[in-house]
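Read from first to last, the chains carry the letters A, B and C; within each, the first residue is number 1.
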Amino acid sequence: MFIRNCWYVAAWAHEIPESGLFHRTVLGEPLLLYRLSSGETVALEDRCCHRLAPLSAGRREGDCVRCGYHGLKFAPDGACVEAPGVDRIPIKARVRTYPVEVRNRWVFVWMGDPALADASQLPDNFSCSHPEWHYKPGYLHYDTPYMLICDNLLDFSHLSYVHENTLGGSTRIAQSRPEVERVPRGIRVTRHVPDVPPSAYWRSFHTFEGHVDRWFIYDFLLPGTLLMDSGGRPAGQPEGDMTGAVRLHSCQTLTPETENTTHYFFQQAYHAPQAMAETTETIFKGLIAAFEEDRSIITAQYRNMLLNPDAPMLPMAMDAALVQFRRLVDSELAREQAARATYPVAATA
Amino acid sequence: MFIRNCWYVAAWAHEIPESGLFHRTVLGEPLLLYRLSSGETVALEDRCCHRLAPLSAGRREGDCVRCGYHGLKFAPDGACVEAPGVDRIPIKARVRTYPVEVRNRWVFVWMGDPALADASQLPDNFSCSHPEWHYKPGYLHYDTPYMLICDNLLDFSHLSYVHENTLGGSTRIAQSRPEVERVPRGIRVTRHVPDVPPSAYWRSFHTFEGHVDRWFIYDFLLPGTLLMDSGGRPAGQPEGDMTGAVRLHSCQTLTPETENTTHYFFQQAYHAPQAMAETTETIFKGLIAAFEEDRSIITAQYRNMLLNPDAPMLPMAMDAALVQFRRLVDSELAREQAARATYPVAATA
Amino acid sequence: MFIRNCWYVAAWAHEIPESGLFHRTVLGEPLLLYRLSSGETVALEDRCCHRLAPLSAGRREGDCVRCGYHGLKFAPDGACVEAPGVDRIPIKARVRTYPVEVRNRWVFVWMGDPALADASQLPDNFSCSHPEWHYKPGYLHYDTPYMLICDNLLDFSHLSYVHENTLGGSTRIAQSRPEVERVPRGIRVTRHVPDVPPSAYWRSFHTFEGHVDRWFIYDFLLPGTLLMDSGGRPAGQPEGDMTGAVRLHSCQTLTPETENTTHYFFQQAYHAPQAMAETTETIFKGLIAAFEEDRSIITAQYRNMLLNPDAPMLPMAMDAALVQFRRLVDSELAREQAARATYPVAATA
């Protein structure tokens, strides 16, 4: 069960071809994404209403898409506008459409009641598209439920252990106690770690004289988006003074593909007047290497959970943020379930 | 659940070795097929009654087969005739046998009550063994239920889209309306498509001057056999005049391997005084390429069905034949279920 | 469901590294095995009590192990002794430990109530560590339930058929009738097969003049261990006279990995003042080849069982030992289930 009335990232904008059809499964539903001649991106149910073949196996015809099985043709509003050999097209011949918003290179789809689609809920992923923030876009596929990856991102004590030789580098990250606050639709986590060695990741693209004061300040928002300001300045240097500091802004988001698999879209951007190709590549490669460390431990954790589904977890102090976030998800799910008595989600188009 | 009191093709005759043992799973049951010294083909349950090992992992001893695990020996009538170290062979020591008919190179097995096995129900696959009809035999394995492939074969509107560049070539196939009739144990579909370009498939082995009048006339019979006369003659030429025409006869049959996997045996034969090796090969290769197009779209359709098992199909005009055939299957299943109160199927041998 | 209050072999001793962490799943439970600085081997639940990550993905710190996810540190007694960022470690922060006995190079773990761990139940696998018995250790993984492999080892009539060209060589093995007796915690099987050709396996490392009198005398003990004296002496030669004879001692043991997969540890040792490298290798290779014959037929048998889970087996004379052993397992399971009302197995550590 997933929260439905919210935005999920279905793709990086560059993944949707200029002309042509793009498939992605989101919340267990097959989606077809494509661009109209106007440039607008649309999302349709990727399943012909006739015999359920994926429309993405068909072809574009102007702004329409034709099913590759028996040739039904659908307009961008989901209506079947042609059915070979059929005199009168049934009114029920249509596929569902999903509200789409493309914001800062992320393609968001609204998986719930279209009437409730609310652009004000879009997260502020500004560094994904900003003249002074630079990055190479990342994507990883997980064979685990998305919630386990949310847990991971909500507790950075794992940096000291999972990422000892990459993003972390000091056990003092785990020993530090972050501040955890509620923000609208999410949790804010603020963690300061003074006087520690810079991470190997930072040292791969920046030169340091000695220890640094590190900070991580991020919002983790429903349904699963992290927006983070993080960095390190020479230890003891006043907060306002960024001389010799590293500062990064990261946007990361998790989209359930199915109950047990997940899409992970992410970047980590550095601030500079202009992109520097080598730095961009070094940061990207370092990030991928570190995120594969996460995927490895989370996948192993999930294997243990599959082996013994009843094994209980033991909540501890470092779980404060993830426990709060799980509560937020649960209350949102309960709220939707209550509302579902009122409007039928799946029947809309 | 499958219709049981009917003939299913278990193999092409040439698949059963001269001496040796051949395994195939049919309707979820493991079958052992082999030839007696008389040339007769027999089908036994491929599962020793003792510890359930497949007899096909054992060996031939004359007309008997010996289990490769503990050495029980079975006669062609399914009776255990030797059990090493056992003084008195229990009367229950036997495996089930299945009635077999080999007709025109197809090996049919009767999966239901042997007492009801009825050779008059065998379909007329004459072109599989006829001095003036020539072909190379085909087989494909599907990871989908057999009914989805029946659907496909019962609606040739898909030729315009799935086979646009192979068997089809004109959207007018889909636009044409076939005649659909009931015949004994099946459905007859008759489709005429006048004045269309010849298909790429035909052009690979035949030269045409211009457009053709195409016809497809086929019976689709329980449990899943297609027998088809199809072809094209120069557009406008009288029906009786076959000058410059292409004419093919096709026999195709679907046998459920399990609930979700299927065996597909097929050929498409051309008529000539003698086989021409190159033509035979060209027709075979073209057919395989086209049938892989079917398998691709049907497999994609089935993936969508697995993702959302409750997604409904929307019947349309082109589904007339397949809807009738599904009704036929359902009524046959219901009839068998009612009869099952009277005789026990699985206990017979 | 498995018998829990007994010893299962989790590994050959050499598999547990000098320093470092070793994982193996036993009875569906993830185990971490490692050696303390004292040399003692310990077994812990390989699943952190916090978020269920496998501890084997972490690292050794002296005699402790630190989880690689959030850094919890566990002592060899299973207690969490450090949790980064946590002021007061909860008393429930611990992982289960399993009693371990290393005996003759086999690492045994006790999967039930630790209070009942009883070293007197360890089987006498003496030839695994004896100056005059020589072998190379073997391991195979099975994708079948362990009970099917017990069945195989309890009925050597299969040697005539499965191992016709390896361990067997005469149908008279299957025709012979073994003596079957109850022994403490198991079954003793004694089979004499006079005047048969020596097996191809023996001939690969020993020269024979003519026929041999073969013997197999073995105990098969709960939960699944075979201890066997077997061999062949020149046909007709008195029992006490070992001139020209082959004599082997074999220790084999089956450990369920999960309900449907199994670990198989085994050796077959020959008696000599000193090991002879070539003979050791020949015997090992011959044994592996033969045991792959078993794995092949048992895996095929299991496939048939999965295809039709309700197909009944038909007990016959050669099943005497395996029927008795299955009864022994069932009565042990019933006894444990009755006792479970009294003590909670999973809660102990």
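One rule holds for everything that comes next: a contact is a pair of C-beta atoms (placed from the backbone, for glycine too) under 8 Å apart; a residue touches a chain by one contact, two chains touch by 3 or more.
Small disclaimer: the values here were computed from a predicted structure and weren't measured.
Starting at chain A, what is the smallest number of hops through touching chains needed to reach chain C?
Step count on the best path from chain A to chain C: 1.
Same or different: at the chain B/chain C interface, is the fraction of residue numbers used by both copies above or below half?
Mostly different residues.
Once you find the CA centre of chain B and the CA centre of chain C, what distance in Å lies between them?
Using C-alpha averages as centres, the distance is 47 Å.
Two or more other chains in contact with one residue: find those residues in chain A.
none
Mind pulling up the chain A residues that touch chain C in the complex?
It is residues 151, 155, 157-158, 160-162, 171, 174-177, 296-297, 300-301, 303-305, 307-308, 311, 313-314, 316-318 of chain A that touch chain C.
In the complex, go through chain A and note every residue touching chain B.
25, 28-30, 46-47, 49-54, 57-58, 66-71, 83-87, 90, 92-93, 258
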